[in-house]
Amino acid sequence: MKYLGIEPQKPKIAVFDFTGCEGCQLQLLNKEETLADFLSAVEIVCFREASSLCSDDYDIAIVEGAVSRNDEVKRLEKIRETAKVVVALGSCACFGGVNRLKNEFDLKAANKEVYGKDPKETINVRPVKDIIPVDIEIPGCPVSKAEVESLICHVVWDSPFQLPVYPVCVECKQRFTTCLFDIGQMCLGPITRAGCNAPCPAGGIGCWGCRGPAVEPNYKSFFAIVKEKGFSDIELKERLNFFGAFGEVNVS
Amino acid sequence: MLFKTIKKQDFFDVFLPDTQCIGPKKVGTNTNGKPIYQFLPFSSFDEIDLDYDTTEYSAKTYFLPYKETLSSFSFKDNDWTQEIKYRTRPRVIIGLHPCDINGLIKLDKVFEKTLFPNPYYITRRQNTFVVGIDCKEPCDGGFCSSVGANTVTHGFDLFLTDIGDRYFVKIGSDRAFNALQKIKTSEITKKDNEIYLQIRNKFEGSFEKTVHVENLPNLLDIEFESDVWRKWGEKCLSCGACAMVCPTCYCYGVTEHISMDFNKSDKIKQLYSCNLNDFAQVAGGHNFRPEPATRLKYRYYHQHRGFVESFGQPMCVGCNRCGRVCLAGINPTDVISDLQREQKR
Amino acid sequence: MKININVDVHHLTRVEGHGNIKIQVKDGEIKEARWDIVETPRFFEVMFKNKHYTTIGILAARICGICSISHCLCSIRATENAFKVTIPETAAKLRLLAKHGETLQSHLLHVLFLAAPDFFNEPSVLPLIEKKPEVIAIAARLKGLSNRLCDTVAGRTTHPVAFQVGGVTMVPQKRHLLGLRDELKRSLDDLQIVADLFSSFTLPNFIRETEFVSLKGEKEYPFIGGSLISSDGVEQKEQDYRPMTNEYVDKNNTSKWSKLSRESYAVGALARFNNNAQLIHPKAAEVAAKLGLKPVCHNPFMNNVAQLVECVHVVHEAIRLIDELVESDPGETMAKVTPKAGEGVGAVEAPRGILFHHYKYDKTGRILKANCVVPTTQNNANIHHDMKSLVNKFGLTKEMTDEKLELLCSMLVRSYDPCISCSVH
Amino acid sequence: MKKIMQSYDIRHETDMVEPLDFNRRSRLKDVDRCFKAEITNVIRLTDMEKLFQIRMVNDKDWERFTFLPGQFVMLELPGYGEIPISFSSSPSIRSTIELCIRKAGKVTQALHKAKRGAIVGLRGPFGTYFPMEPMKGNNILLIAGGLGLAPLRAPISFVIENRADFKEVHILYGAKDPSQLLFDYQYEEWHRIDDINLEVIVEQPDKSWIGPVGLITKLLDDIQITPDETYAIVCGPPIMFKFVCKRLSEMGVPMQRMFVSLERRMHCGVGKCCRCNIGSTYTCLDGPVFDFWTVMNLKEAI
């Protein structure tokens, strides 16, 4: 497509992984019906999980995973210097993800428990934006490939990228899921940003808030509802903390 | 209007073989042990339950789908062509209650009978054979009788009332008349009429909760700055669930999506809700309704004032689906009576 | 001329996670030949502590983005064993079906996207999009199918949403299952083409006597639960995984190592096949025969072939499962769960090999202590020793160059399909 | 068995392959088909605004495309989106239309990059218009703030073309600073036209600015009007027209003789998506042109 006389960009993309399960990177190789087009729309210059080549000449750095060791901080700083646009891919990169749960424990004791007398280097988990400025965030555990594709389209045509502002409930309703609160379970859908197509409520486990807060969520009312439905503060906190996406929201 | 009676068993022979059928299916049980129903496609009549009380979702999605491609553009040499497709596959919906059919009639007003008729809606509506059925008793919190939506005289092809072993049938279209030629029907007897009226009277007498909507257009203007909105607005999660399940809420947003090979783009309509944060936000970031309270108020304002102004009746059909779905416990009866109480004070 | 070789691979590519290869041959003598995991450790075993049993499957899935279904199922199984819960039959079938989807998806990803480029002498699949579009089309088709299978049954390919302690929470619609069945049937032709393609590749002829550990199939080729077996004759019950795995910490590695009868052992598709070949689907056995895979095979490069054979097996099995599922009434899919104090172990054959989760619960259903032993942890020591032996066999010839040896060693590591972020869970 | 129902296809009803004539009710079914139009010229006005001259690709589409000052089109940029834009040119020029567009977001940004020759889509014209005919024989005040000059250019052209029909004509225009003044190349021409009073004011002057400084209401201080014989058209941000109209009211101009143009988010242009509702009035159907009395009575309009 060459349209409006605008030349499409063929952005050079590099993918980097930090602490995480690499599931988000895997999504980049998913959605086979468009995979070939996706891969030819961009020039992937560095993608360790899929390719042996790597170059330091890239426009967009897609960063997956959280930071949990000092050498990762340095790697990130170098990426920021090179890339024009840094994209945080997935909940680990955006918020710290499940890795954040580690921060609740004493790292020395944890190390001893897992590695005995040969402790390994580790620091408290931090999201990418704590270390370097991030231009675009695509949250999700894992991210949705559709959103990644949309990002690429926006980059190629150089137009602004936007996540949905509304909460998961909208998408949940649009796929005819029975609200989990109706069947006695908890769900963070009303305060979580949509865009995932609400798989978790449909699967029966409720939303765990992996995509972080929607725009201006009504915490106060939501927390009151959760309590009224008979869930404890502990259960609520556990959910909010699970992906580390709700930061320091106060539940009471 | 033509009336007939049909044996229940015979009735089921009319449908299924060649058309997609949709009806109230049980999908689960809620915490109070009550069954949850949804309008879903079915392939045999044992899958549906026409004695259902209410469905979780309205049937509007079969007329106004949550997502729909309005048109597609294919690009070539700096130029493009536009392609528009409408759904034309016929479909039968069985078991709509009067509120749902009244909802359709209101949507007809917006999408068929205005300055700019909407072809997407019209094709879906024309291609759907609507079989309605009377409710046995008022559903939880339903206030259809207060907005005049508990009976229906048009907008359907067939309308059934359960009179024991038979259905009392209203025939609303010629295609329905033709469809009934295939099975054995009986003319209405005086006895049938009596039973029918008896059942209807009993039903109409069984409504408890009523709201008064007649004065709302005026009241809503007067109470524009009322604290009532703040009170309910504080609870509202701005989740849009109410609009999604509502049989008449129709507002939407349009976005365009370029395909990954950059040769095509789709213009996609997605039902939206006026309760969602950016509903009235314009370029540059200004939001005309920044607080949940202002958005919630607008939903009532549109349903009970704007719609009345345009069409002489409220948009709400009193099914209380929004009230049931709302986690924050916001329901029209409470909000409206709150407003009216405010007025009296 | 004296042989001097230096290979130093920092962050090996086309594997999941970060690992390094270091080989130094000086004057024809191996000074160093190492495979080390340097991935940042993640401390999941600590994160599990104090978590409620209802959240455990969701957290466990996040150990690995590729075999999330296995981790989730394994953790749920450990919990069910601890609470002594038996899941309904339909639930078990659906879980196995999802498991097959994952096996297919993971194996295909590895064989076609990560390993295959080596055989075409390409750095990645990207150039193949233009050079071998027919192969890529098949790869995309097959992978798409496996993803759809997982999506339909598990709710999502990566990080499933339909599995909970006690059973499954989502039953796929019949028409979706039937659609998948047709697709699965069609995919067999595609798999045949891939098998033919593989028969045209020459795999390095490298043999190192190895002990193989896997689940022991009783009546079926094993994937979820059962007893453990090693090709050296060791047998254990599921809950006695510790004497089977014997994890220990190596100071150079953030992943642990393990051993059994020898200095190391191997798990994975090859191990499963070696230990259970008699149970594999006859059609898969045909493919195995055609590609020259016979138990007990000690060539680690043949793991790719074993994966392909398993792909054929799981497609046939998935078709059979779907047939059974659509014919019967689903009935109840969740068993009643009452938390109890106690311990439980789950063993599941993840695509890359046997996986264990072991939890100790308090009476409220919160975890007191957790331990996970993952496939790549078990393979790492074996890769390390394989590499030494590989360098010994091929590395000390005059024709060998740094590049050639680097490729050979990288291919060795890749053939194990290591999942490194998993191994530093 | 015979089918219960025949499938219904709206396209069989009338020939739907051509874009509809939005001003004729009989053809209003295919509301999403757009006229194809070509950008023939792009004129840079300021850093943020450009003027696009647009021509129909098919000549016969002109016959069906007539608009009135104050109406708007839905401008479709396939792949990017569709936006409402007011006509900024004279309705009587039957060869090109002009749209003055500010770079504001996704669609407008793309448009600003577009080159001459690009093909866009037009749906419309939609909406209400300034009642130019009834205004004839009166004094007329044309007041714009900022981008408001864009929609005001259509009535200005009308007035200029029919100068004899109006009594006194004042064009008052205010902007933040001189760099943001639109159509400055036309002021000279407007000045020279017989008996039009053009006044331009800025809030923040630069060194070369010699005109008046301040808010637009200041310009009204120097104007003498006979309220009963005066109409006003006021375009600009809500805050601006609110003050101007209040001032005019004080001067005695009836509120029903002041016209303003409102802006809301619009996704359809035809009264369906509800995004433009004010209270519950559709800006796209009942607006964008409203008299000030109506605006005052619309909840949340300003």
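Which chain is which? They are A, B, C and D, in the order written, and residues in each are numbered from 1.
Criterion: a residue touches a chain if its C-beta (ideal position, glycine included) is under 8 Å from a C-beta of that chain, and two chains touch if they have at least 3 such contacts.
Bear in mind that the values here come from a model prediction, so they are computed numbers and not experimental data.
Among the pairs A-B and B-D, the greater number of C-beta contacts is found at B-D. Of all chains displayed, A has the C-alpha centre closest to the centre of the whole protein C-alpha set.
Set against the C-alpha centre of chain A, every other chain centre is closer than that of D. Between the CA-based centres of chain B and chain D the separation comes to 37 Å, rounded to the whole angstrom.
For this pair, chain C with chain D, the centres built from the Cα atoms lie 64 Å apart. With centres set at the average Cα position, the gap from chain A to chain D is 43 Å.
Multi-chain contact residues of chain A, defined as those touching 2 or more other chains: 1, 3-5, 157.
Multi-chain contact residues, meaning those touching two or more other chains, occur in chain D at positions 78-80, 105, 117-118. Chain B has residues 75, 78, 80, 258 in contact with two or more other chains. Of all possible chain pairs, the ones that touch are A-B, A-C, A-D, B-D. Residues of chain D touching chain B in their complex: 1-11, 25, 28-34, 78-82, 104-105, 108, 117-119, 121, 263-265, 267-268, 270-275, 277-281, 285, 299-300. By the touch rule above, chain A contacts chain B in their complex via residues 1-5, 8, 34, 37-38, 41, 149-150, 152-153, 156-157, 165-167, 169-170, 173-174, 176, 178-179, 181-184, 189-191, 214-218, 220-222, 225.
Contacts from chain B toward chain D in the complex involve residues 14-15, 17-19, 70-71, 73, 75, 78-80, 82, 84, 86, 88-90, 92, 110-111, 114-119, 122-123, 126-127, 129, 175, 178-179, 182, 221, 224, 250-256, 258, 265, 267, 272, 274, 279-284, 288-289, 294, 298, 301-302, 305-307, 309. Residues 11, 13-18, 40-43, 45-47, 49, 51-52, 55, 58-59, 62-66, 68, 109, 113-114, 117, 123-126, 129, 133, 136, 140-141, 143-144, 147, 154-162, 164, 169-170, 249-251, 254, 256, 410, 421-422 of chain C are the ones touching chain A in the complex. Only residues 1, 3-6, 157-160 of chain A touch chain D when the two sit together in their complex.
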